[in-house]
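In order of appearance the chains are A, B, C and D, and numbering begins at 1 in each one.
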Amino acid sequence: MKKGFIVVLALLVMCGLSFSAPVTSEAKTLTIGLNVPMTGDIPKVGESSKHAAQMWLEDIKAAGGLKVGGKTYKVALDIEDNESKADSAVSVATKMITQDDVLAIVGPQSSKQAVPAGEVCNNYKTPMISPWSTNPATTDNRPYVFRGCFLDSFQGPVMAKFVTGEYGFKKAAVLYDVASDYPKGLAEFFKKAWEKMHGAGSVVAFESFTTKDTDFSSQLSKIIKSGAQFLFLPQYYNEVPLIVQQAHALGWKNPIVGSDSWGSPETVKLCGKDCYGSFFCTHYAAAGAKGATKAFIDRYTKKYKEVPDDVAALTWDSLHIIQKGIESCAKLTGKVKKDREALRNAIAKIKDFKGITGNMTFTENGDPIKCAVIVKISDKGEYKFYKSVCP
Amino acid sequence: MPLLQVKNMTHFFTGLRAVHNYNLEINPGEIRGLIGPNGAGKTTIFNLLTGVLRPTEGEITLEGTDIIGLRPHQIAARGIGRTFQNMKLWRHMTVLEHVKMAHYSQLSYGLTGAFFGTKKRVRQENEIEEHAHTLLALMDADQFADQKVLNLPYGVQRRVEMARALATRPKILFLDEPTVGMTPEELVGMMNVFRKIHNELGLAIFLIEHRMKVVMEFCQRVQTLVFGEVIAEGTPDEIQNDPRVIEAYLGKEEVA
Amino acid sequence: MTYFLQNVINALQWGSFYALIALGYSMVYSIMMLFNFAHGDIFMTGAYIGLGIATGLLAIVSSGVIALPGWLILVLTIIISMFITSLLGVLVERIGYRPLRNAPRASAAITGLMIGIILETGNLALLGAKRFSFPPLIMTKAYNISGVFVTNKKILVVLVSLTLMLALDLFVRKTKWGMAMRAMSYDFVVVPLMGVSIDVIAPMTFAIGSGLAAAGGVLYGVAYPVLDPYMGILIGWKAFVAAILGGRGSIMGAALAGFLLGFIEIFVTMIFPSTLRDLIAFSIVLVILTFRPHGFFGKPYSAKLRL
Amino acid sequence: MEVKKSNPGNTKRFSGLRHFFSGIPASGWLLAAFAAVLLEFYVGDPLTEILGLPKIPALFGIVIILKKPHLIPGAFAYVGLIYLLPIIIVAKITAPATNWVSEKLDRMPLWFSAILHLVLLYFVLEIWTDISDYRLLMLKLTLIAIMITLSLNIINGYMGEFSCSHPGFIALGAYVASVFTVGLFVNDRLLGHALLPQALGQFLFPIGLILGGLVAAVGALIVAIPSFRTRGDYLAIISLAFMFIVKSLIENLEVVGGPRGLGGQPDWATLPTVFVWAVLCVWTINNFVESTMGKALNAVRDEESAADAMTVNTRKTKMIAFMFGAFWAGVGGGLFAHVLRYVNPGTFGIKKLAEVLAMVYFGGLNSVFGSIVGAVSFNLLSEALRPLEIFKWIIIPVLLILVMIYRPTGLIAFKHFNVKKILRPRPGSKERV
């Protein structure tokens, strides 16, 4: 019995030695972690991030690797599913940092995961860029954590100003998801900005619903009754079509204005004609895009048979920021801890990064200063550039 | 003073009169029988007396104190033990656990004891375990102490149930058809158990029973219940010869 | 007043969905004494099947083989997807519940929960993460009746679900199988001895329940045309609340409780700040159950999840 | 506590293996594990290099198996060389000695022996987690999962109710404990300046956890009081409503961040803290369910009217069960919040409910063992299958359905957790031939 066991083990050891010996040459590979939700509430977000990241990796591979200080490094992606859960995001981040020796992490995307995962990354001094998280707490007081998008505190006033200038309205209505971090934050910043411009009580309806709701008739009836001149809708592409259609069915004829979360091409695909003519604020306009942005959109569309959404674009930019950071390091030591620190400093120093979602410079907090784009949905359902608003 | 006294007890089930003007007196050590056709309200009377149901009218006193409105476990702790027609054993518990469980009201170690395993708890658990073994031995079931009740033969289950009822240290024991569905051998064993309870423990017993043989042998007085009303009361002999009883009860059902 | 009436209309539509899903829950719950936690996901699957059929039919129509009006396509879609989803229901019963017929009820509930997760992730794996929009089979027409807005879709949803409820009620009260089901809900043990096999009744119950869920799913697709794999979870759990609120053994009770839940949610939003909707709506449910512990129409019956 | 006769399991099939291992007491296994982790501590790194592994396999290699299949032989060899072989050899060699020690300990008070074993276990875990912080995090989360699973088992297993309110209890505990620590000891945007020096906090942290547990227990009254009159199905939706209410309540409380969540909890949920709380939880719960007062839960579950007639105060019993279960869920939640150092209400929804229920029913109802096994295996499985992404959530449900079909009450249901029996010496291997 015992002997048999030992023999088996000995065989195992030999197998291990013979099979895995050649793999040791992996040392020069730089690993970038991608901490995204492939399952859970928002699988689409994970899918888009993965697509963008794979496209980026293709580019690197085509170029033969990343050149740093005269040496060429291979790059590998470590894509892990965080199931859209906070605890999973933390374990994934910890695992990437301590087990997989990643140089930097992109993601998590949503704030409920980016906040705790940012804590982990900051503690382990690993650069992390959350392309999509808008919660101030994600980067607050965390030198190693950056984000790829503008904050709600910027976007809210932008929209308030835009609507005032464009339509000259005085009475606003807001409908948002109370259980979700991003819409709630943005709704509140918008309300604050609007009331600052038009006095207290000028937001005549401030209504909410809960994630996964599909019937908004009661809230919309309330909004219509309030006499609001337009509706601000900081919601995602899966709710926007429903809300807009239901509003029209209830007799709402005033404009509906959106936020950057409308940026997905799905919005207009699901919404159809009901959304035509609406304005929203976003990172980039797909229709009529130029230069690198257009190249990205065309390539992505060809490869994955769909127009890239804002998550894909922001993830793409985040990866390029990391790439630029790595390239601007004088050299990599091969010791992952030192390299992470060097990379962090390099990223923080990046000035005027030309991304497809606009030019970026990081503040001391790790938040980018970038311009917002106001987009109009054309009568053909395309996102047409309308105006650019810079801080 | 009688041990248990019931005066003019009446109960309605949403308008339906289930028990009407019921009176009962049980003295210490006495064995009383309650017979009647199915659906006459015998088990309802048990449920009323043990606090499962609250009578619409009437008074119930145990050793001179009113027990109406007390919860079943309080009445049980004051000295009315009972068995059930369908036994109601706890599926997943062993024989010993059954009998120990019925000591619940006698435990005083409280939550501290339960959570932290104090000395007091160890002592009390040991005490009730000892008592449980004594009762099981009395019921001739101690050899099954560590077995799950569901695996035991029917006669043994009945004896375990009896031990469980005795563990509440009752002054009076309510037995709801304790011999139903028994084989002749099991019946003999059960009757021995009755004798033991009566002779060795000196308990008063209130018995619902269909088998006249059992009623005849043990009961000092018998009531006959039909449609919630007592139509006859007396010694077993008197009852057996009462024409009303024969008509209502014996005439219809074959006596085992 | 118009505002109030508007909300009554809103609640009627929203309640219809709760009612339809709660009916399926209640069928299985009343007859089999099971929590079919997969029901919300069967509803989702029904909607997706409906989507597939509608798309297919539209493709046939647009290729010019036959000309079908939109409403006929809708009717066909509902009927076919009800049928296919019924088969799915039978399959779920066969795989997930029949082996557990003598097991504790809670275990069967867990199986249902897991089948639900499999349906969700299976959908995700098959169709990918992108959402689908339900094809507009009928054009939305909004009618303005002195300030109260009603659309043809809303009327359709309410009418179809009421029709289905009545049909189910007739089935259960008048047909042989329906009576057998009712008998089964009274006595799980005796009825099989009377020549009614539970192996027939159980799949049939699941089939009907799933069929209703599919009808709900297609109507849902018409009314809220964005489908996603997780759309059945929340509405399913809330319909579960309605089904039990209605009371065991009372299928119509479940439907009424579904409407009641819809009305509570809509009117709480109407009166209170909408952020407090879930808080107040569920507190009302809690209070109702504290004072009417057996639901509205259920028999005073305390079912244990026996181990 | 008496020692039960050996259980009639399927001894035949594995009798050879069983016989081989039967002579080793718990202390022997612990000592062997200690040796193994020490070995790993000293030679783990060189060995991984020899075997061509990039790192010491964090969770016995299960995490890398699916991700980098070419490393499987290396991982197997590593696990064999570091864990299996040393554990078996040391356990077998030291068996006479450890048996002697166990025999001595067996005569001493149980608490003494138990504490000695636990200290040894703690050191094993401490050294084991020293290798990698990922291990540490997983261990902490698993210990918390054990607490939560066990506390739900009191209600769903021991008392046989189908309670859906557990995420609510966890949320209450997590938030109360977080408000306590963040509000008192941390400068926070939401809750203002620290009122007390942070150095003090480490010692007052248990108070925060207990407070969280107590609030959860008081919240449990909302579910427990209706349970006097109603059972089963109706209670299931009362508890479900409770869960929705708690979630919605926290979302509406701007003071604690609403849906944005509350972050910045101090890093006080260290391994010793979590370990001690988990041990306390298992200890008190096991004490409770083994006492006659605790077994009253089973009586209420199996036949409530009989329990009532046998003097069992059923209302008190139900209330204790709910409050006690909720208390530990709350403490678990408090620790959870401090391990993640962030909480948000979205975490405590239906998904969490499905997860906790899955752990309880997978492991086994009415069983402390079962809950431990359920929580540990579920967490390990969840980590191991993560690379499968979507298919992970098909495989886990299928596994659970299979368990339900073949063992409807879970893997290890209705098993006593008898500490004395676990720690007893086992010198009988020779006699039992």
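Note that in this section a residue touches a chain if its C-beta (ideal position, glycine included) is under 8 Å from a C-beta of that chain, and two chains touch if they have at least 3 such contacts.
Just so it is clear, the structure is predicted and the values come from calculations on it, not from any experiment.
Least step count on the touch graph, chain A to chain B: 2.
Centroid analysis (C-alpha atoms only) places B farthest from chain C. When the interfaces C-D and B-D are ranked by how many C-beta pairs touch across them, C-D comes first. Note on chain placement: the centre of chain A and the centre of chain D lie 35 Å apart, centres being C-alpha means.
One finds 48 Å separating the Cα centroids of chain B and chain C.
The centroid of the Cα atoms in chain B and the matching centroid in chain D are 43 Å apart. Annotation for chain B: residues 91-92 touch two or more other chains.
Chain A has residues 39, 43, 178, 210 in contact with two or more other chains.
Chain contacts: chain C has residues 121, 124, 233-234, 275, 277-278, 307 touching two or more partner chains.
Partner chain B is touched in their complex by these residues of chain D: 4-5, 284, 287-288, 291-296, 298-299, 301-303, 305-315, 320, 324, 366, 414.
Chain B makes touch with chain D in their complex at residues 50, 52, 71-73, 76-77, 81-82, 84, 88-93, 97, 100-107, 109, 111, 113-117, 121, 125, 128, 146, 164-165, 167-168. Partner chain C is touched in their complex by these residues of chain A: 39, 41, 43-44, 46-47, 178, 207-210, 212-215, 217-219, 221-222, 225, 237-239, 241-242, 245, 248-251, 266, 269-270, 272, 306.
Every residue of chain C that touches chain A in the complex is listed here, in rising order: 3, 6-7, 9-11, 13-14, 17, 121, 124, 128-131, 133, 136, 140, 142, 144, 149, 151, 153-154, 220, 224-226, 228-231, 233-235, 265-267, 269-270, 273-275, 277-278.
By the touch criterion stated above, chain C contacts chain D in their complex at residues 29, 35, 95-96, 99-100, 103-104, 106-111, 113-115, 117-118, 120-122, 124-125, 233-234, 237, 240-241, 244-245, 248, 275-279, 282-283, 285-286, 289-290, 293-295, 302-307.
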